[in-house]
Amino acid sequence: MRALNVAAPWGLDAIKIVELPDPKPGPGEVLVRMKAASLNYRDWLMVNGMYGRSSATTTDVITPFSDGCGVVEAIGEGVTRFKPGDRVATLFFQGWISGPPTVEKAVTSLGFPIPGAGAELQTFSQEGLSKVPDFLTDQEVATLPCAALTAWRALFEDASLQPGDTVVLQGTGGVSIFGLQFAHAAGYRTLITSSSDEKLERAKALGADHVVNYKATPAWSKPVKAATGGKGADFIMEVGGGGTIQESMKAIRIGGHISIIGVVAGAGEPFNPAGLIGNAAKLQGVFVGSRDMFEAMCRAIELHQIRPVVDKVFAWTDAKAAFSAMAAGEHFGKIVLEF
Amino acid sequence: MRALNVAAPWGLDAIKIVELPDPKPGPGEVLVRMKAASLNYRDWLMVNGMYGRSSATTTDVITPFSDGCGVVEAIGEGVTRFKPGDRVATLFFQGWISGPPTVEKAVTSLGFPIPGAGAELQTFSQEGLSKVPDFLTDQEVATLPCAALTAWRALFEDASLQPGDTVVLQGTGGVSIFGLQFAHAAGYRTLITSSSDEKLERAKALGADHVVNYKATPAWSKPVKAATGGKGADFIMEVGGGGTIQESMKAIRIGGHISIIGVVAGAGEPFNPAGLIGNAAKLQGVFVGSRDMFEAMCRAIELHQIRPVVDKVFAWTDAKAAFSAMAAGEHFGKIVLEF
Amino acid sequence: MRALNVAAPWGLDAIKIVELPDPKPGPGEVLVRMKAASLNYRDWLMVNGMYGRSSATTTDVITPFSDGCGVVEAIGEGVTRFKPGDRVATLFFQGWISGPPTVEKAVTSLGFPIPGAGAELQTFSQEGLSKVPDFLTDQEVATLPCAALTAWRALFEDASLQPGDTVVLQGTGGVSIFGLQFAHAAGYRTLITSSSDEKLERAKALGADHVVNYKATPAWSKPVKAATGGKGADFIMEVGGGGTIQESMKAIRIGGHISIIGVVAGAGEPFNPAGLIGNAAKLQGVFVGSRDMFEAMCRAIELHQIRPVVDKVFAWTDAKAAFSAMAAGEHFGKIVLEF
Amino acid sequence: MRALNVAAPWGLDAIKIVELPDPKPGPGEVLVRMKAASLNYRDWLMVNGMYGRSSATTTDVITPFSDGCGVVEAIGEGVTRFKPGDRVATLFFQGWISGPPTVEKAVTSLGFPIPGAGAELQTFSQEGLSKVPDFLTDQEVATLPCAALTAWRALFEDASLQPGDTVVLQGTGGVSIFGLQFAHAAGYRTLITSSSDEKLERAKALGADHVVNYKATPAWSKPVKAATGGKGADFIMEVGGGGTIQESMKAIRIGGHISIIGVVAGAGEPFNPAGLIGNAAKLQGVFVGSRDMFEAMCRAIELHQIRPVVDKVFAWTDAKAAFSAMAAGEHFGKIVLEF
């Protein structure tokens, strides 16, 4: 079988397709034939040697991708959760099953340090996979483990909203689009920002109640205030980038909740936390979620027949092109690799 | 102006339409010209001398109805929340503005001890009224203060559910139908029971994902289990009556939430609370809610353009016929009086 | 090695001490030399064939006791949580590590169906044991897995109290005494009932702020109201028995929380759940807790140097006498077996 | 009667003691003879024209001090909560009775815009005062409205901790010392920092389990980690100042809670919120609390006989000296004015 590996000196050119012996599932393990994988910004950092690498002299070889969909090919001794033929998604945290996060759970992330979905055949702990709704395609399933679950956790685990509350999404990347779809399914009022009117039209079709082109209206907190009778948003999914946190602080209502999702647009931007005092707002960092959360998310996806937005598809052997497309930042939803 | 009063010896025949001088709003008060009122089972108890009456020898005269819609006719000194011409709903608790319930807040219920919406003109504290969504008719607004808010609080204040979770509604009375509409708007999976296939069809049109005719299937916990992969419902809105609590105990999942809403079908039915231990379930009593909750509910009603189900309309002077219709128990949604 | 087994026709006389080959730890398993075990009412039901036995014709042999303390004698392949010599407690649910309860987690209870601590040597999954505070004796540790954790979960997982809130404990059995000690450590105002003035004096020494002899004052809700300025208790740990639920319903404040702990005094007592409506109270069933909760409890026990109350100690081979002492109902705290 | 007023050009020298006619309580108002007031950093800002002043050309005259204790001298029409002779505390927010904060509630803060406790006689809405525990002195009561309630809300309203959890307090100012006393009463493990060993000794006497001199150990996150077995603190009360937020981010556990209390030591310090992602921590801004919270706090203070720490007492006519003492930053607990 073939796998996608990357190692020092890192970079897109360091991505190699290598031939390896077929792996065999050990006790409690499941062998999966991958059908699709999806890209996250974290994979881009990983491939470029910027994630979890304490030293340039490391000899680590990384098989990236936390997000995959495949079919069970074989099971090891003691496996009870799956049988050959089952379709599964990989879970971002292979060891975070239930309950709140801990250090022990957090170090089991897929891609790094645990080899990820970038291989034709891969073994996983049976605890690190979940069955998925039938109505989704393999490519759609492959978008769920990281981006979708991050949006789900931010909205439904960390926050405590009611139908009619107002949720703000920033941009049209994977997490934001899932956030839009989930918030809409939950009956929240949704407002999304983008620099493209065309993308905003597509967002409307996915349930956006209000749209703001932040190029035309850089002070997007003003339309947020207008949409909420002057009160401000109940929830903002903050994905980082130029000045967004400053504007989020203006747009949030007293006692509101800002999810700090990730630093898509670079290193984030310093701000003075004293600004939180005046409106008693909350900043909550988020990093994906547990298997329990994943399964709850899948129940909702099935009930609402939510279709993940797959923007572009590449052959898995052409990951370099896929990463280049992601870096261009022009996508709407997720970029997927097919096997 | 005329008012609907009732006093000892109580009963539907004791309901009188009386002529009274027009009231004038005192400091902080608002004079409202009523347009519609709706009936709750509590009003029926009240009219029959079975609510809040410690003695048959009382000389109290009751003006019933917690639920009304009207237009502000005049305002007293210091009123800032309203101006003449504003359309308002009456609030069930005139003194429960915010926060958790207390004895002090709970004794301010409308109808009794505070004279209710059963009058052409009535004065209220400005704190005891709220503005309402424009798109609703007066009759629809008049259904909200008690039944709708009870369903809202049970689902969104007391419980903690996520999209895709399963909610069970019992029967097609006012609270259950609002519960269905709200649960559907929140993205929950809904299952409703009724003894009438025709009513179940109407419920489907309002968003019911599953329907069960409890005459055909008295053990309705079985279809609940089937609909949830054997797990049981996450939430049940228990409205009382023959054996429902026993069946609810079978239908609820481990750690699930049962709202005890009211005793529509009589005095309820004893059960052994030890049954809660095995599944770590929760029984939570509910009685209407605060103004904050009412306003949150109205925001959701407006966003989702939820139309309350008005089953039958009577002239307010014909309240006796309206109460008889309610006692017959054949309604689907709410019974309304118009002024 | 010897083990304590019981089988049909059940009953205290059916308890046998049997000689068995020494068990060996399999992969992921730990062999423990038991030092102490404690009795719970559940063990009494088990021994008498009244727990988890669907048929009198069962051929099951039960090794009872969920609650044990021992020392690791040997570890199986892949065990990382323990090494020989570690002192451990057994966990009530061998498979409930984290997060909310599920059916899958709930069927892993120790004693039945999983063989329990009633043996000189016993093997356990490494996931089903926890290390314990050094300052406790083996006998004290052996009281923690069921009774202490039940009280802990009821107070700190299910409820949401603040220092100064009022907690009512019923009687001086194991759960209630732990409840008293934990509630006191958390800064709650505590009130405990008993039929014995002498036991009430001992309870005062453990932190009871108020005591009520329910023989002298059967309407113990009155002193609860008096102690709370008429408001009622914020939390009641309801352990069942003659009429307690009725009195708890009078003693609880509006919006208060009643934990339904177990049915120590028989089969519980029917009550009408409609009684919950008037005060919007909550009944919450409880059955022990997860390993996460156990470890949180141990942190608190260590910080506060809480010493479990061991009432009586018997040789483990004299379990019949220990069960008889428990059935007599005169204990204050826990009954322990030593190996 | 005399009042302490301050106006443009602001500054300590602009504080004037003026003679004014005795105020009379209007409808719903209470006239209070002040006995004591306490200083908060907010009063210092106010006196220096740096709080709530949009323009240097304002003609506003401020009577500062949100925090007072006094005795009811007379009551206006319709007052039911108090009678002459009652001892009361002033509430920071005169219009925040219950429930979550809103803009409407937040604009009712005492001192500015509502004239504060800096006067021999002052009128207040009856809703803006609360009775207080008998065992406290007037000076002790005067410390509660702002600093104590801020610490209370941060610990018990915003956070969700259990006995045995670890709480970090920064420095020995008013909020931190109340935080220490409350956290200790709630059974939390407490760690406090200071630059003075002598103050740390005093903190131990108030219940500090661990103390860290941050002059000797600027990287105080290390002893926090050591005290928690490497896990990190569950809760940090962040009061601002040089680099504390950076160190708090290192000291907090995964999923922990950092309260952003106020900016005692200047303008706070920018930090990159992306740092929250890795440990899924939460930053929660806090500004005092509601009357419901104040009354809950007083119940706990009474049960635990918690004595606020009054560091220095000045005559109210000597407020300038009191402010100078506060600005020196050498206090331990609160600075109080007596009338």
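Every chain is named by a letter (A, B, C and D) in the order it is written, and numbering of its residues begins at 1.
Keep this in mind: contacts are C-beta pairs under 8 Å (C-beta built on N, C-alpha and C of every residue); 3 or more make two chains touch, one makes a residue touch a chain.
If you're wondering where the values come from, they're calculated on a predicted model, not measured in any experiment.
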> What's the overlap between the neighbours of chain B and those of chain D?
Replying inline: A, C
> Between A-B, C-D or A-C, which shows the same interface as B-D, counting it as a repeat when over half of the contact pairs match?
Replying inline: A-C
> For the chain pairs B-C and A-C, which is connected through the larger number of C-beta pairs in contact?
Replying inline: B-C
> Where the centres are mean C-alpha positions, what is the separation of chain B from chain C, in Å?
Replying inline: 41
> When the centre of a chain is set as the mean of its C-alpha atoms, what distance in Å lies between chain A and chain C?
Replying inline: 42
> chain D: which residues touch two or more other chains?
Replying inline: 100
>> Looking at the complex, which residues from chain A come into contact with chain B?
In response: 156, 160, 162-165, 182, 185-187, 189, 209, 296-297, 299-304
> Along chain D, where are the residues that touch chain B in the complex?
Replying inline: 27, 97-100, 290, 292
> Touching chain A in the complex: which residues of chain D?
Replying inline: 100-103, 106, 231, 238, 240, 245, 254-255, 260-263, 267-287
